[in-house]
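Below are two complexes that have chain A in common, paired first with chain B and then with chain C.
Our next item is the complex of A and B:
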């Protein structure tokens, strides 16, 4: 009896888990295999928030516009568009189709946007739609979803009314939350929408052909995709899902996957194996954020200035992180952010503090005079090994240079967030990744109304500058405001930039055309190909 | 026998209820907020999320709702917090069979190996094979499975590189070849434990009167070993097999992690890290019930193997 049961169990497994592909790249069939660190938690585009879901969605869905291989906006479902200060009109291509052959229409966008803003949907990224007229009021439950400033004059013309002039609106529409959703399909699936390969309908370059939870997720070229002639790969197979970085490296060495990220540990092994290591700047900035709430020692500017004059980001990058690709942090605005005509960094060079121990000590003695007694400062960090290393470095630095005592508070993900929100810290190790290609994706972070301003920094002048940049469509006016804002961040020592994140990865030499992106799906295999 | 089984089942249900209650209380004591994520959300969105998961109600009421939903015949653990469109029941249904197969193979390895090596060490007591095996046993008991997992995988990588062909896959799931290394690694600890147990119980029975009688009767040593010694010595091994099956089936999360196996163990661990309330409750109660059931099953089976127990 037991034997029979075992045999049955075994046969169940065999039927459900298909044969794993033999090689990582195959020229003849144009197939690649790679691995994910976790399974995409949310493939409902209206609710997706995480990097893995965004990566998969970017391959199987398409918005009005998309990013090309150089990171520039290029037509997607919309053939062309016109944006004015108060509205935007999109003309949709007639050959854009869903994976069941039905056309993608303007109504699919309207449905998705209204649904994402509906407070009942509870989408965490609804705020990215606030550029649309009445969007915020709808999201707050003050207006019905039908009040949203978007209409379809016919199936292929989408007219958007904007809440206010917004120079980067077109870039927003490339974002996941702006992807179309077809009402009849969505309603037919109920709460199961996007839970499995068959519970989702696709309009991107690929479709999910098979999805075995936590085991594999295979994508096949979408025969209905309007631009299918630009797509070379026939299949992208994700046959392994695990967060174990060493397993990824072993799979790569064994020739099972064509692409994998490395961390501090596996990096050394990859070096010994003489593998060719690539690096890429993710565009995210990591920094120490101070608690500015009254009563906290760190609300004293002199303490913050003292720390500013002893902390050297370059040393942190070289000695603590010690993997290629990271850049010393200089400002809240990473180096890639665009300015008026060239890079923001070149047009508005960030002010930098000289490492000056005497000056730092002077600031500290001013602080002591004002505060009388400086309690040990609580440095809140995540429980990852790299965060611990950084915390220890900061702790040692401040103690040896300034005699400042730091208590490191290591917390798991959810606990750290809870403490950040309630203000239970003096300094917190934080980071910010861009959502869209505009300076504002970073600029409003320390505005008094921003819920992600966890240190509760408030400065009316900062708020004013954010509003100037928000309300104007003149690039020069906006960038000037952001330049001033960058100066305030430095003068007030609002945060302490640590580093701009770089990541390192391995890629099969026969796999070409993989795009690494600062925003949107990353890595992007859409236009990749296998060479002979 | 029937009354005994029923009694055990009732006690089992109470145990599971206790596990559920203790987990529920402990989970709500963990600092942190299950609904919080990288990006902060407005109050309205938060209220809607709380409503969806019933977190807007007082904790005592949440507990009662949870208990009533959990009741057979149709237990429902709700929807996952991290995968908002998957039911916890589906997660268990999809991933427990994988853990079960892995566990079953591991326990097969462990039992066969444990009995074989245990018997060998007893036969060759205080001679070289005994010393070698007992040294390996100490190693097997003291080295945690994640070390074996990493070493096992590295071994496969090197073997495959040596023969220039991916003979045994280094990770993944799907065929018997995929299962070999992970189940071996997972079973090593139990195999070591069983070897030791088997050895001592073999040595215990070797001086019993019935063995002497058998020898006096002139039975062949093989026959004595198989029919008299092994059958009697194996009883303690079967006793601990129940909890061991449960432990292996539920404790494979590290092995699942290293070998990229889609088992339930990783959901169990991730749920705790992510404070995914519904998945924590679902997996704990399910595993708890499974453990209890395994212990009861083995106790009942014991009666069939050893008639002396049945008579009592």
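Our next item is the complex of A and C:
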């Protein structure tokens, strides 16, 4: 459940160019060059949380299973598996190797999972392993790591005991935190682990061949990878690391990089350059989250209902964001989430508020009667240009329609996260990207025990529904619970959905087979190839 | 014979033919002859008028968002058609056609009879087309010029994911321009390289409810009427806010810092420099070393520290800390200048004379020394004003000054620079105002330098 780095963190960036490749794509050597917006902050798979690190790790590491081009689960290190209500067994392939030629064994997974759960590691993503028996207790420091419900009956058979029946467990194992880590290597590197190209050992399709910090990062095909025959590219060179979107576009136009994202400004230049623009829906939902802590004005439901009745997501998407690909937000569950047999949205249409100023004013006067005085509300947002624009729009909207005063608090990503955790806000602009292909990746977000429930919304009925959906493996029961939960989210105006994120990008016409993903590494160049 | 005789007494010779000129009168006369300085003076008076009285003449709320007119260039008021309330778009799915093709085809035909449903307005453009045999979905593109080929279809607006879903509604930032819509059939994932194009020019419309809410029409207005939208003489910004109103509002912040910061630090500089210069000796040395120390402090770093020290919370303006930081860090230049002048004047004969006649310190300072440094001080002040305006603009540009929705010229430039290529007016107007104001103050300062220099006093 990765929190989204909405956009670049720095407005002033330093761009350092590494060695410059001749072209962005090269057919003869099957080499491509592209650019990153920032240096991967954390390549330790047990601790990685951000999208750039997940993207790089997805190319150089492999878990038990992986996603294919269509987003379906396919075998990775595990050749086959069997999941029951109480356990899961994985049979590992014998030809899966680390980049030094040693085999990947079941012990590497056990070590990684135990280590990620160790309170000393302080992995922010430890909770994704809570599906395993005793995982939560270990992470809280109540049990030793050896109590984790996972054993190896031999080097190539991994047996997992589950905490409770979990229908989507196999999808979880594709996630970054579930990647293997080899104990002897990890311990030999100590705190330097994953700090440099040579401080990391790889079992994925590529290895990091060279890493000049803040300048370039080159990946080369891994000769020990078990499925190396499916990999066409010999090298992926990241020669540029800069957050400046215009610099990315210029590099693309100059033929220096093969792939680049576009934003609200650069896409117009791309159009005049007659470049073919592609779009992709990231599957993330962006919303305004209220602070439900007692004493906060936003803990009053009538204020939240008033805002719900003046905010029009369609206007925001079409007039304020005004870049293609975004969809107006309708509920916590984005349009792609699967229901029992078709899309969740078609089976359980989300309730929507009509934009009704009179109703909103009625709610607001009720709120004023209850609160006596409404202080200016603090709207916490990240400091990216697009987030500021959205914040100013909401500020203007609420002031002109309802007379509600909003002060905008712009903070860097880290600082915003700290303020979200400490509850130092009334409304926060947040986003949520899915981690695995199940409705639960969104559903438990507002459960009272979830630390990512930054507004501390508590509703026993909501918690009960989440438990129903967690404890059942019957799709109909789970989806019915989620349908009811969607209704609660609306009735209580727990959050205000803004938009489902879409992005637009450019790709070199000779580069084929790049996968854009809702889950896992995105963009994924693993199966890409350069055509003549 | 007498060689010499007294000249006849003539009153005319001793008569003062011209009025006696004081120092200031003379300076003013010479300033008037300096055309550049006088033009600058007029510009400054105009800007002051623009700032102080502009908002009373142009009573538009600078924070009011007009999302019907986002990023409009300067233009005359636009005419819009009143429309009924927006009706939710229903997807067009036909039943007697397969959603997914039964078999994969190498090629398919381009969609036939691509057409408009309803009238095309800026509220929405609704398209439909005939289903394509073999298609598993469609991608819809929009361009602002006729597509020159498959790679020039423009913006990817969206997709339908079924061969029998044959409609699309575009509401994305529509303006009354000519658009070229293209529809490309897909097999559900990949595109076939065929497309159909439809040329559409949406009509600028506004719903009756919205027009009423904005006080654009009377209660009797009904759909179909043509009305004038709000007039934005200098265009609008990225949220449809009136540029003229924002420039006036922004001028208040910029000029507040521009006038008051120099005023305060020049006053302090005079006191400090005058004190050090007049008393001299060891005191002077100590005071001036402290001034050197202040000069060495990094401005930006201190600006950030002040902001934290003042506890400027989220969403609070950083203008007052900025003012204080400017005053605390900028005075040494004036202090040095005044000290130098005072050191020089102190040794003059008339000061000695005044002292011998029993003049006290404060008499000497206020009667003789300060008036004689006035010229230098005035020049410093006029040059300090543009520097302070520039500093404010710079700090607001990097986001350390005003907070939204309050504009300042610097923060408006910061916002405008992001859309510099597509909507240059959002950058040009604030940048132009900063440049003109700074230039005017500088030229006026030059004029003062010449006019107040007593060595250049007119001798005719």
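Criterion: the second predicted complex is superposed on the first by the 512 of 532 C-alpha atoms of A that agree within 3 Å, B and C clash if a C-alpha of one lies under 4 Å from a C-alpha of the other, contacts with A are read in each partner's own complex, and residues count from 1 in each chain.
What we mean here is this: a residue touches a chain if its C-beta (ideal position, glycine included) is under 8 Å from a C-beta of that chain, and two chains touch if they have at least 3 such contacts.
Every value quoted in this text rests on a predicted model; they were computed, and no experiment measured them.
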Touched partner set for A:143, first chain B, second chain C, both or neither: neither
Which of chain B and chain C A:408 touches, first, second, both or neither: second
Partner with the higher number of touched chain A residues, chain C or chain B: B
Partner chain(s) touched by A:325 [first = chain B, second = chain C, both, neither]: second
Partner chain in contact with A:35 - chain B first, chain C second, else both or neither: first
Contacts of A:392 with chain B and chain C, given as first, second, both or neither: second
Which superposed partner A:271 touches (first chain B, second chain C, both, neither): second
Doubly contacted chain A residues - partners chain C and chain B: 12, 411
Residues of chain A touching chain C in the complex: 11-12, 265, 267-269, 271, 274-279, 314-315, 317-320, 322, 324-325, 357, 376, 378-380, 383, 385, 388-389, 391-393, 395-397, 399-400, 406-411, 504, 509
In the complex with chain A, residue positions of chain C that touch it: 63-65, 67, 70, 143-144, 148, 151-158, 171-174, 213, 238-239, 241, 314-316, 398-399, 403-405, 418-419, 421-422
Touching residues (chain side chain A, partner chain B) in the complex: 6, 9-10, 12-14, 17-20, 22, 35, 41-42, 44, 47, 49, 119-127, 139-141, 191-195, 199, 212-215, 239-244, 246-247, 250-251, 253-256, 411-415, 417-418, 421, 451-452, 454
Residues of chain B that touch chain A when the two form their complex: 30-34, 36-42, 44-45, 48-49, 52, 79, 82-86, 91, 94-95, 97-98, 100-101, 104, 150, 153-154, 156-157, 160-161, 166, 169-176, 178, 257-263, 266-267, 273-275
